[in-house]
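Chain IDs A, B, C and D follow the sequence of writing; residue 1 opens each chain.
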Amino acid sequence: MIILQITGAILVILGLVFFLGAAVGVVRFPDFYSRMHAAGKGDTLSTILMLLGIVCFLIADVPWAAVIHGDFSLLVEPILTSIKVLMIALLIMVTSPTSTHALMQAGYDSGIKPHLSEADDDSTPSDEETPTP
Amino acid sequence: MYRVLVFLILMLTWMILSGHFDAFHLIMGAVCSGIVTWLSSDLLFEDRSLSLRTRLRQLARIASYFVWLLGQVVLANIYTLKLALSPGGLDEVAPRVVTFRTHLKSDFAKYLLAQSITLTPGTVTVKIVGDEFHIHAISKVAADGLDGSMEGWIKHIFEPEASAR
Amino acid sequence: MAPMKIVALITVIITGGLLLYATGDFPAWGDPLSPANNSALSRHYIEQSRVETAVPNLVTAVLADYRGYDTMFETVVVFVAGLAILAVLGQGTSRERAAIQRSAERYQERDMINIMTARLIVPVLQLFSLYVLAHGHYSPGGGFQGGVMFGASFILIALAGGLPEALSRLSIPGALLLAGLGVLLYGGTGLVCMMLGQNFLDYHILHRLLPATDAVMARYHAMLIVEIGVAFTVTAIMFIIYAALSSRGRMTGGL
Amino acid sequence: MELFFKLAGMALFVLMLPIFYRLIAGPNAMDRILAVNVIGTKTTVLLVIIGMIFARVGMFVDFALAYALLNFIGSLAAARYYHQDRLRQERGAS
């Protein structure tokens, strides 16, 4: 069970690292849209990783010795809790891109100036456009 | 038909949430699932002409797609992390708006594509107008990443006959 | 604006500081000597509520049974607040509604991604709110929380698919009926107790009406009935407040 | 293990501070909504972690689920409000 705990700890720490990326990105990036990139993605993955780590801890916490001796009732509650935590992760995976998208669209349609770099104007397949409100 | 399916899914969710399996709570769960089915079963499963077999096949393909997507999400985050933390990373930040047309037909397929684009490297769906996707990409590398492999995956999920040809 | 903002900021900081300072006076977590444990009344609740009502969650027992009056009038306050908002903002005349509908449709195209997410989330949200409502006896929750979340599911429909879509699921007259029904369910439970010869909201006498219950389980089930009443009112009023405020009383357009 | 989760929760809070900076400084309203959205998502995780510290995850998971759902509705409402508000202003100006 120590392996599960170590895996869980690694996942939680990885989640924190990704969240560090999101936090730094939110502060450092030049305009609203790129900040949204950092926030939207770092947020989703770090949340999912940390919740997965917590699931690992929950499963490791089950008194396996008693379960092996036939006392399966002890298994019910941790399993249900783990499924609920996974449900939160799934929920975040659905809702977080949606709110990212809704915020992006609101900013785009209301004409927040994007920070477009002049350095590379090789508009390959991309046809750049300034938002026309 | 689909109502029964929705009811069963909701009942399963109820049992996971509840954790009490005595008769009183199960009956209450059936009543509550019934209420929710009655109120909002029309929200789930838009296209009801498909048979359950097709649905199950789609579900299996969506599951394998999810695994691939999760890998892409990790890559997305490593990319953002690199941009955010490396001192020269900001030079690479060159946001742009890309538009492209999709060949996907159903709304759910477009939805899945839009959400996947939002989750993966440096791109966010800003809006969908009809068939046209407006994508905001954070850098040139990210914009070049939109090569249509993701659309191929999703086309394979929902329209397997079309993509086989 | 700027001076007002500074005043607001200072107010917030001072309030927050006072609240943080006040937490220092709290008894330690689970402290048996805390003042809340030492009056005769609270000791009675802590020791006897499980025996008297069969409800493991002490908070629910106190809220819906021992202090039933309190909760009933809270529900009435919520109800009256909804009525007041409708009275001030109005329900919109039909001609106005049609005119605004036309102008609103022009610039307000709905967003497909939001709609699809709402379609996925709303059933989960509704089922979860019913779970919170029904399991108020075991885990934290109850009528108010469940009602707020059920109301939020209608708000989500309105946000994603437009207010007309949400109003077609729960119309304003329907919501008012639901809100009234909730208060009626609560007060009616109390009145039935009176008719059976007990005090108002003294649930244990209800074992004569409810099948297969004794005096203790009657209190348990009556609490659930009362919570359902609270949830009805809160759901309806949440939605009414949102619909009225987001459309400035015209019941169309909206966010 | 409790110590690990206490440290993790504290680290999570410390990492939220830059986002609080964005919340206070953020040049316009959308930046602030963004910051609130991120903090909300992280609060979900923080609730589960608090549950681990108190060894009552079964209870706190319900809070986290409710919070995640309501946080999503909140940021969607904020985005829609901003969107419509701007559109209304433009219509009023033209």
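The definition used in the following text is that a residue touches a chain if its C-beta (ideal position, glycine included) is under 8 Å from a C-beta of that chain, and two chains touch if they have at least 3 such contacts.
Since this is a predicted model, take the numbers as computed values, not measurements.
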item: Pair joined by the larger number of C-beta contacts - A-C, A-B; value: A-B
item: Chain separated most widely from subunit A, comparing mean CA positions; value: C
item: Innermost chain by mean C-alpha position; value: D
item: Subunit B and subunit C, separation of their C-alpha mean positions in angstrom; value: 32
item: For subunit B paired with subunit D, centre-to-centre distance based on mean C-alpha positions, whole Å; value: 22
item: For subunit A paired with subunit B, centre-to-centre distance based on mean C-alpha positions, whole Å; value: 15
item: Residues of subunit C engaged with two or more neighbouring chains; value: 111, 113-114, 117, 120-121, 124, 128
item: Subunit B: positions in contact with at least two other chains; value: 17, 19, 114-115, 125, 127
item: Sequence positions of subunit D contacting 2 or more other chains; value: 58, 62, 65, 69, 72, 76, 80, 87
item: Touch relationships between chains, expressed as pairs; value: A-B, A-C, A-D, B-C, C-D
item: Residues on subunit C engaged by subunit B in the complex (per definition of touch); value: 111-113, 116-120, 122-124, 126-128, 130-131, 134-135, 138, 153, 169
item: Interface residues, subunit A side, partner subunit C - complex; value: 91, 94-95, 98, 101-102, 105
item: Contact footprint of subunit C on subunit D as seen in their complex; value: 58-59, 62-63, 65-66, 69-70, 72-73, 76-77, 80-81, 84, 87, 91
item: Residue ranges of subunit B touching subunit A (in the complex, touch as defined); value: 16-17, 19, 73-74, 76-77, 80-81, 83-85, 90, 93-100, 114-115, 118-119, 122, 124-127, 134, 136-138, 140, 143-144
item: Parts of subunit C lying in touch with subunit D, wherever the complex brings them together; value: 107-108, 114, 121, 124-125, 128, 132, 139-141, 145, 149, 152, 155-156, 159-160, 255
